[in-house]
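Look at the two complexes coming up: subunit A is in both, with subunit B in one and subunit C in the other.
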Partner chain A sequence: MSTAWQFYISTVLVYLGVDVIACWGLNLQFGVAGLVNFAFIVFQAAGAYTAAVLTLGPAVPAARGGFQQYVGGAHLPFPLPILAAGLVGGLLAALVGGIAVRRLRSDYEAMVMLVVSLIATSVATNQVGLVNGPNGLSLVPKPLATIVNLSPIGYQWLFVGITAGICVCVYWLVHVVTSSPFGRALRAVRDNEQAAAALGKNVTGLRLLAFVLGGVLAGISGAVLVEFISAWSPGSWLYPETFVYFTAVIVGGSGNNLGVMVGALLVPVAFLEATRFIPQFGPPGLIDALQWIVVGALALVFLWFWPRGVIPERRRRFPRPAPAEAEPAPPVRAAP
Partner chain B sequence: MSGASGPLVAVRDLHRRFGGVHAVNGASFEVPAGRITGLIGPNGAGKSTVLNIVAGALRPSAGTVRYRGQDVTGLPAHKLARRGIIRTFQISSEFAALTVLENLLVAAQGLRGERLWQAALGKRYWRPAERAAVQRARQLLARFDMSAKEDEYAGNLSGGQKRLLEIMRGLMAEPALLLLDEPMAGVNPSLARRIEQYLLEECAAGLSMLMIEHELAVVERLCDPVIVMAQGRVISQGTMADVRADQGVLDAYLIG
Partner chain C sequence: MNTLVPAIGFGIVTASILAVAGVGFTLQFGVTNVLNLAYGDIMTASAFVGYLVTSAGVSVWLALAAGAAFGAVFSVLLNRVVYTPFVRRGTRLFGMIIVTIAVGLIVQNGLQAIFGATFFSLQMARPASVHIAGMVFTTVQLAIIGIAVAAMLLIHLLLRYTKLGKAMRATATDPDLARNCGVATDRVIDLAWALSGALCGLAGVILVLNVTAFTDTTGAQFLIPIIAVAVLGGIGHPYGAMLGALVIGIASEVAATVFSPSYKDVVAFVILVIVLLARPQGILSEIAARKEVAA
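Up next is the complex of A and B:
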């Protein structure tokens, strides 16, 4: 395989890993707990900025030649920025969720989240001192690059491995949640809040917990992405990006971790990559615009015709006791 | 438990306003242990509002609810449920995308693995408790003649089957007090008879119930005592015979 293809494929694989982690996070919120988080991308961005700032080191003042301004810079060794990104994603989710998820019905909550997304973009763009405004952060050092001595292509594959490792850990987490009685309680809350409360479920607590877990995963996905591409700016997390993830979750199969993985492969990765290979036509930007239209149409078509997605949520069946173990039938009383 | 000899629930001077409407206007009554207490009255009498307040779904504007001698006024629904007050809904409230068996498992109280940290300890930690709950749920399904529907999505059940599921879910929680909001609404007469039978069996086994019901013949067969509400107040209580003899009750039903 030529080096160019290896670069391309390894890059796509890392993107896939990032999208899968993000979709698993969104699935916990939307698919399992029924929370419509239209600000999902904000939590990914928060994780990305956190990881970037904690890898870049302290900001250099412009007077001494620094070209980017941000708060809280530090040089942390490799896995720490990613873990911190998860933490920040979770904390931000606790903060936003503590207001929006606690008090609001899901339709209002969705609107509030959309507004949160717009506000966050606006703040990050205009408060230049926070995370370098519209120019964003760049030249984020790659993790382990100075420790391992690999060829560029070797490093690409190392990063694929790192991403895969993180995916495995995240899968463990989402599997624990969805396969356990905890996940069942979340699904009950999703299906009927009042009935769940009447059966002793702390609806607010459960929804908030799902929201925070989703925030953690969003933060981690952003961190992996920024460590890989070394740059992050407001342009990369505009609110429509959230809808790409929603489309992936809906197409793949809301509520099913495997389905969501397939959705991440089909929508953000395969679909958006495929358009690279279409010859340019029409005025510049036409293909990009069409992409958005098709992503939206895809979500609508699936919601209309296949609302449960390609791989629907699994129906839980419980093993019946083997006949030998089964309780013996009550003895038939003999007639006197 | 304190108040074991007193009433299970004692409601005192309960008020609830919705905007300008005084839905409950000074209702006081007691729910004795070990019986099916009927709550009847014309439409708009405030029965459902009272039930919602006792269940913790609504907070009263004024007044107190005591349960087993303790003041539980304004506690949220999930906390009351954990203390043993479980309610069913007038409109079927199944978890539609969960199977019938899963619906029952959700109702099991204090099940291991329902907290995140317990779930993280792995299947080996919570499986045994879940198996026991599954077994209990299957016994309940067998008793209610619903075993064949175990793996069916609850959303696909018929109206009558959803009513049964509603009651089974309530029983699965092993409540001390079951609040039933028209458990036989929209159910065919033969199934309604079966539900009556189940409720009588549960009562004989010691379960206390408070039931809203419109069909007075049913109330007559099941309930003692009976509480009659009209316009947000309790206008009469006693046995069905006492209540029937009460002129005020007659007026309330005729005049509304």
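Up next is the complex of A and C:
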């Protein structure tokens, strides 16, 4: 395999890993717990900024040749920035969810999330001192690069390995969560909030926990991405990006971790990468526009024909409890 | 003080555009309960129709009519061809929100694919400026205010004094009961989409009349202030939306002058979030009914 192809394939694999982690996070919120988080990309962005700042080191003032300004800044060794990004994603989710998920009915919740996404972009762009405004952060040092001393292509594959390792850990986490009694309670809240509450489930607490877990995964996915591409700016996380993840979750099979993984492979990776191989035609921006049209159409087609996705969520059946002896079974009446 | 009075003037112009757009949005949401997030993009599409009319050398007034007509026809078709079939197929609130975002993305990027990702402006004569009580308006802005006031009056007369208005209010309050009382709710819903679409189209054209240049995302950027207006007034309440438009229009222009122009939209966002948290039923509404989507 030529070096160029190896570079390309390893890059796509890292993107795939990032998208899969993000989709698992969104699936916990949307697929399992039924929360409509249209600000999902904000939590990914928060993780990415955190990881970038904690890898870049303290900001250099412009007077001494620094070209970007941001708050915080530290030189943390490799896995720490990613873990910190997960932590920040989770804390931010606890803060936003604590206000929005606790208090609002679902359609208003969706609206507030959309607004949160726009406010976050506006603040990150206009408060230049926070994370370098519209130019964003760049030249984030690659993790372990100075220690392992690999050739550029070898490093690419090392990063694929790191991403795969993180994916395995995250999969284990989401699998444990969704197959545990906690996951069952979340699905109960999603399917029938009143019934779950009547059975003594803490509806708000369960939702909030799912929201925070999703935020943690979003943060981690952003951190892995920024450590790989070394740059992050407000242009990377405009609110339509959230819609791509929603489409991926719906296409793959909302509520099913494996399905969502397939969705991440199909939508953000296959659909958005495949256009690289189409020869450029028309005025600049035409292919981008067509790409978005296709993603929108894909969401519509799947919601119409396969609303449960490529790999639907398994229908869970429980054995009917044996009827009590003393009580006679109610007479069965034929339907008129 | 010197800068505040002109800012209020700008605020009144913004409020006029917001009122037309917000009343259209809230009417349609109130009657059908579909949160139509493609609304901003339909505004942009209507603005492009207006652009085509003016670049053909026809008067701006005809561009307004064409934009409104396009908005009405497009909205009715969108509801008939996309939204209603999805609702009948069992797509509920979450699904419908995603459907409307998908439609919005398709419309917006369709416009970009057709017209290209550049700036456009409507062809018209350079307007004169008029001084009123320390505020400066261009004649175009005065026309915008006039159009908005006329549209609001018409909506008021329609809702209060016609049978259709009564039927619309009945359908908004309880579609099943209205149907049982002999209201042809299907037709009322179609008419609500047409009316809301016409206001949407009108708002799209007057929005781009008031700015120097517009792109395929102009309407979508205006969507959040529109939602803020509708929520502030209580969703489904046209009079509340009119009041909400006045509050948000003036507050955002004053904030732009006092703080920084980049925080103009943040005011609408903050008002929206505070209202949703403190009083989700809006300032004028007494009840917040949890309704299903009306097909």
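Rule of thumb we're sticking to: the second predicted complex is superposed on the first by the 315 of 336 C-alpha atoms of A that agree within 3 Å, B and C clash if a C-alpha of one lies under 4 Å from a C-alpha of the other, contacts with A are read in each partner's own complex, and residues count from 1 in each chain.
Criterion: a contact is a pair of C-beta atoms (placed from the backbone, for glycine too) under 8 Å apart; a residue touches a chain by one contact, two chains touch by 3 or more.
This one's a predicted model, so the numbers in the text were calculated from it and none came from an experiment.
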item	value
Touching partner for A:Pro61 - first (subunit B), second (subunit C), both, neither	neither
Partner chain(s) touched by A:Phe243 [first = subunit B, second = subunit C, both, neither]	second
Touched partner set for A:Ala198, first subunit B, second subunit C, both or neither	first
Touching partner for A:Ala299 - first (subunit B), second (subunit C), both, neither	second
Touched partner set for A:Ala289, first subunit B, second subunit C, both or neither	second
Subunit B-touching residues of subunit A, taken from the complex the two chains share	176-177, 179-185, 187-188, 190-192, 194-203, 209, 255, 313, 315-318, 321
Of all residues in subunit A, those that touch subunit C in their complex	30, 34, 36, 99, 103-108, 110-112, 114-116, 118-119, 122, 125-126, 240, 243, 246-247, 250, 282-286, 288-290, 292-293, 295-297, 299-300, 303-304, 307
Subunit A-touching residues of subunit B, taken from the complex the two chains share	55, 57, 76-78, 81-82, 86-87, 89, 93-99, 101-103, 105-107, 109, 111-116, 118-120, 122-123, 126, 130, 134-135, 151, 153, 169, 173
Subunit A-touching residues of subunit C, taken from the complex the two chains share	35, 37, 82, 85-86, 89, 91, 93-95, 97-99, 101-106, 108-110, 112-113, 116-117, 224, 227, 231, 260, 262-263, 265-266, 269-270, 272-273, 276-277, 280, 288, 290
